[in-house]
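These notes are about the structure you will find just below.
In order of appearance the chains are A, B, C and D, and numbering begins at 1 in each one.
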Amino acid sequence: MEKLEQLKNELAATIRHYNLKGWSPATSTNYSFKFEDCIYVSRSGIDKAHFHADDFITVNQLGEPIGNSVGLKPSAETLIHCVLYELFPETKVILHSHSVYPLLISNCNQEAISFEGYEVQKGFEGQITHEAIVQIPIFENTQDMDVFSEVLRSSLKSINHFCFIMRKHGTYAWGKNLFEAKRHLETLEYLCQCEYMMNK
Amino acid sequence: MEKLEQLKNELAATIRHYNLKGWSPATSTNYSFKFEDCIYVSRSGIDKAHFHADDFITVNQLGEPIGNSVGLKPSAETLIHCVLYELFPETKVILHSHSVYPLLISNCNQEAISFEGYEVQKGFEGQITHEAIVQIPIFENTQDMDVFSEVLRSSLKSINHFCFIMRKHGTYAWGKNLFEAKRHLETLEYLCQCEYMMNK
Amino acid sequence: MEKLEQLKNELAATIRHYNLKGWSPATSTNYSFKFEDCIYVSRSGIDKAHFHADDFITVNQLGEPIGNSVGLKPSAETLIHCVLYELFPETKVILHSHSVYPLLISNCNQEAISFEGYEVQKGFEGQITHEAIVQIPIFENTQDMDVFSEVLRSSLKSINHFCFIMRKHGTYAWGKNLFEAKRHLETLEYLCQCEYMMNK
Amino acid sequence: MEKLEQLKNELAATIRHYNLKGWSPATSTNYSFKFEDCIYVSRSGIDKAHFHADDFITVNQLGEPIGNSVGLKPSAETLIHCVLYELFPETKVILHSHSVYPLLISNCNQEAISFEGYEVQKGFEGQITHEAIVQIPIFENTQDMDVFSEVLRSSLKSINHFCFIMRKHGTYAWGKNLFEAKRHLETLEYLCQCEYMMNK
């Protein structure tokens, strides 16, 4: 259980750090990790400035609280986490952000955003040069998690860099550990900032 | 009295945190909470970087210092707090901010600002979808607190989301506890930032 | 001497805080306070991220190191501090900033900048309403401190709010204690940010 | 060895500080120092938020790990560090940044950027007035470090201020100690921010 506590503490520290950066205003966003086939997801309605290790609750693959967590309320977007663990089986950590830049560049009706020529693109696993074109899908925002789960399933081929954007909502990014999930999220956030600042 | 000390300490920590974000430059802004029918409001002229639990003073419903606080000077805007507690009886905490974004978007003569399609709108109590339109009133700034109290009373119907903007001044937001007041303030600040950055 | 140590420590903490805000990049800026007719000014070439109480040195009214400080090098702009203490005899603390906003709005050839209608204008001592017009002079930058001293003397009538801007250089602000000097500096910085963001 | 440990600790603290400023998103950037003819360079793939003194590894002048570091992977850009130590023999510390401003102003095809009239230009060693013109070269980004080494060698005459920009990648800056390297990097970053904000 020591390993489990370590995972909780490390992700909680990351959550508080991202809150300081302004990525989770007003109790928004949600986070999860997988450990020994269990999904640990952030509770609903926690001020992320004060998020702690015991604010994770255990859910099954349908997003329903199990064990000691029965009766507690997981994040409203828990099903997104469950579907991502299913679609990308190597995933162990999923991060979410409400930072302003992805939101701002997703304000048009485009279905994706392309990045080209940035050194930092190499932050996406498998990318070895800035000379590639990296395309990140932008999905419509919805409150219906069943609908959105189907969007994810049917869009699987367009999700090639371990992340996506929800229009006027935020970003999701994941990886096979916290280190990689952070790298994917920070890469996407940084590229969105650059694109916004370059084109406004 | 332990509970009272806890409230003072938690709000003081929030005040220092918002100061670090640049929301209270130059000793500006003011804050309050209500406990057992007493109003505790921030003292006038305190550098918010150093605000501590003992910088709250007790006032009656007219904003006059009472008890041990007689002779101390409450914030010049104390009457705004008193009127808000009266008009919105469930309110227990009131926050204020001088961050730049609400100020910047209130620079025209508009009487309100509307937000639509943002996920974070759900940060306002009762909002359950990004598909709604949320309208926040913008009032003229004034140094006359009696005048402004009347503006608040006569505008009650337009204040539907526990916050408002004062033109070229800042924002007020409140809630039935610190958690909810923070959520309302951070939601408004975030939406103002998005609107400014999207439209400039 | 306890009081002297306290002044050094409080100003040093302010200097490190402003460095975190990005107001003193690359060892730039300088600061001083007056205590019992002695001027204590920051040493030349100190990284402000690490500024400590013992980085102040004592100078006479011509800016020359005296006492234990003989042989140490005060800031190249020490003479500005000396002249300000002379011209504004109530002054006890002088702050300087290289933040970007005053620099950006001083890029034209204007001789002053006016602020009007901002609540935060009240941060300047004596201002009681946002309805006034506050004018802050902008002086040409120069490396010749004797020349600049004369500029200050001959412009005395235009310096009415305890601060000025040096073109493409930064701001100076002062007060009769650290609290007031901070309030004046932060008021000017905030108003410059608002003007830049509103007009760009 | 005490001196060596101190150097490692001081540079590691600077690395974490720059990470907080957003200058090294997603594990990017790399850093080095030279001590008694040995080059100590940051390991590849470390999250800079957690960089510590033992994350430096020792390489020879070809960038190959030596001694206890054999088998460890230095930064992919280690050869840039080695060539800079060779071309600028007084150099003891080399810093790198992925902050957004240099990237944004390097997005055109220009071969250099000129700064003029800024007080902070004096942060570059040898500059004594804002009235000079300072020109910083912008090189094309490449993944081929041998190619880039040759670019540096053949461009030696254009590198006059201890720093350069790689297009859509970031900045390198160096000095004869950490203090000077920081001053050069922060000067360049600040000037790039000013130029971007002034001209957008």
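By our rule, a contact is a pair of C-beta atoms (placed from the backbone, for glycine too) under 8 Å apart; a residue touches a chain by one contact, two chains touch by 3 or more.
This is a predicted model, so every value here is computed, not measured.
Novice: Out of curiosity, which chains are bumping into both chain A and chain D?
Specialist: A chain counts here if it touches both chain A and chain D, and no chain qualifies.
Novice: Can you tell me the C-alpha superposition angle of chain B onto chain C, nearest 5°?
Specialist: Going from chain B to chain C via C-alpha fit gives 90 degrees.
Novice: Could you pull out the chain whose C-alpha mean position is farthest off from that of chain C?
Specialist: The chain farthest from chain C, judged by C-alpha centres, is A.
Novice: If you list every residue number at the chain A and chain B contact, are more than half found on both copies (same) or fewer than half (different)?
Specialist: Result for this pair: different.
Novice: Need the CA-centroid distance for the pair chain C / chain D, whole Å please.
Specialist: 31
Novice: Cα centroid separation between chain A and chain C, in whole Å?
Specialist: 44
Novice: When you check chain C against every other chain, which residues touch at least two of them?
Specialist: Residues 200.
Novice: Thinking of each chain as a vertex joined to the chains it touches, would you call that graph a line, ring, star, complete, or other?
Specialist: Per interface graph, the chains form a ring.
Novice: For this structure, enumerate the chain pairs that meet the touch criterion.
Specialist: A-B, A-D, B-C, C-D
Novice: Flag every residue of chain D that touches chain A in the complex, lowest number first.
Specialist: 22, 25-28, 47, 49, 98, 100, 103-104, 107, 141, 143, 166, 168-170, 196, 200
Novice: Applying the document's contact rule, which stretches of chain D touch chain C when the two form their complex?
Specialist: Per the stated touch rule, the residues are 17, 21, 117-120, 122-123, 128-131, 179, 182-184, 186-187, 189-190, 193-194, 197-198, 200.
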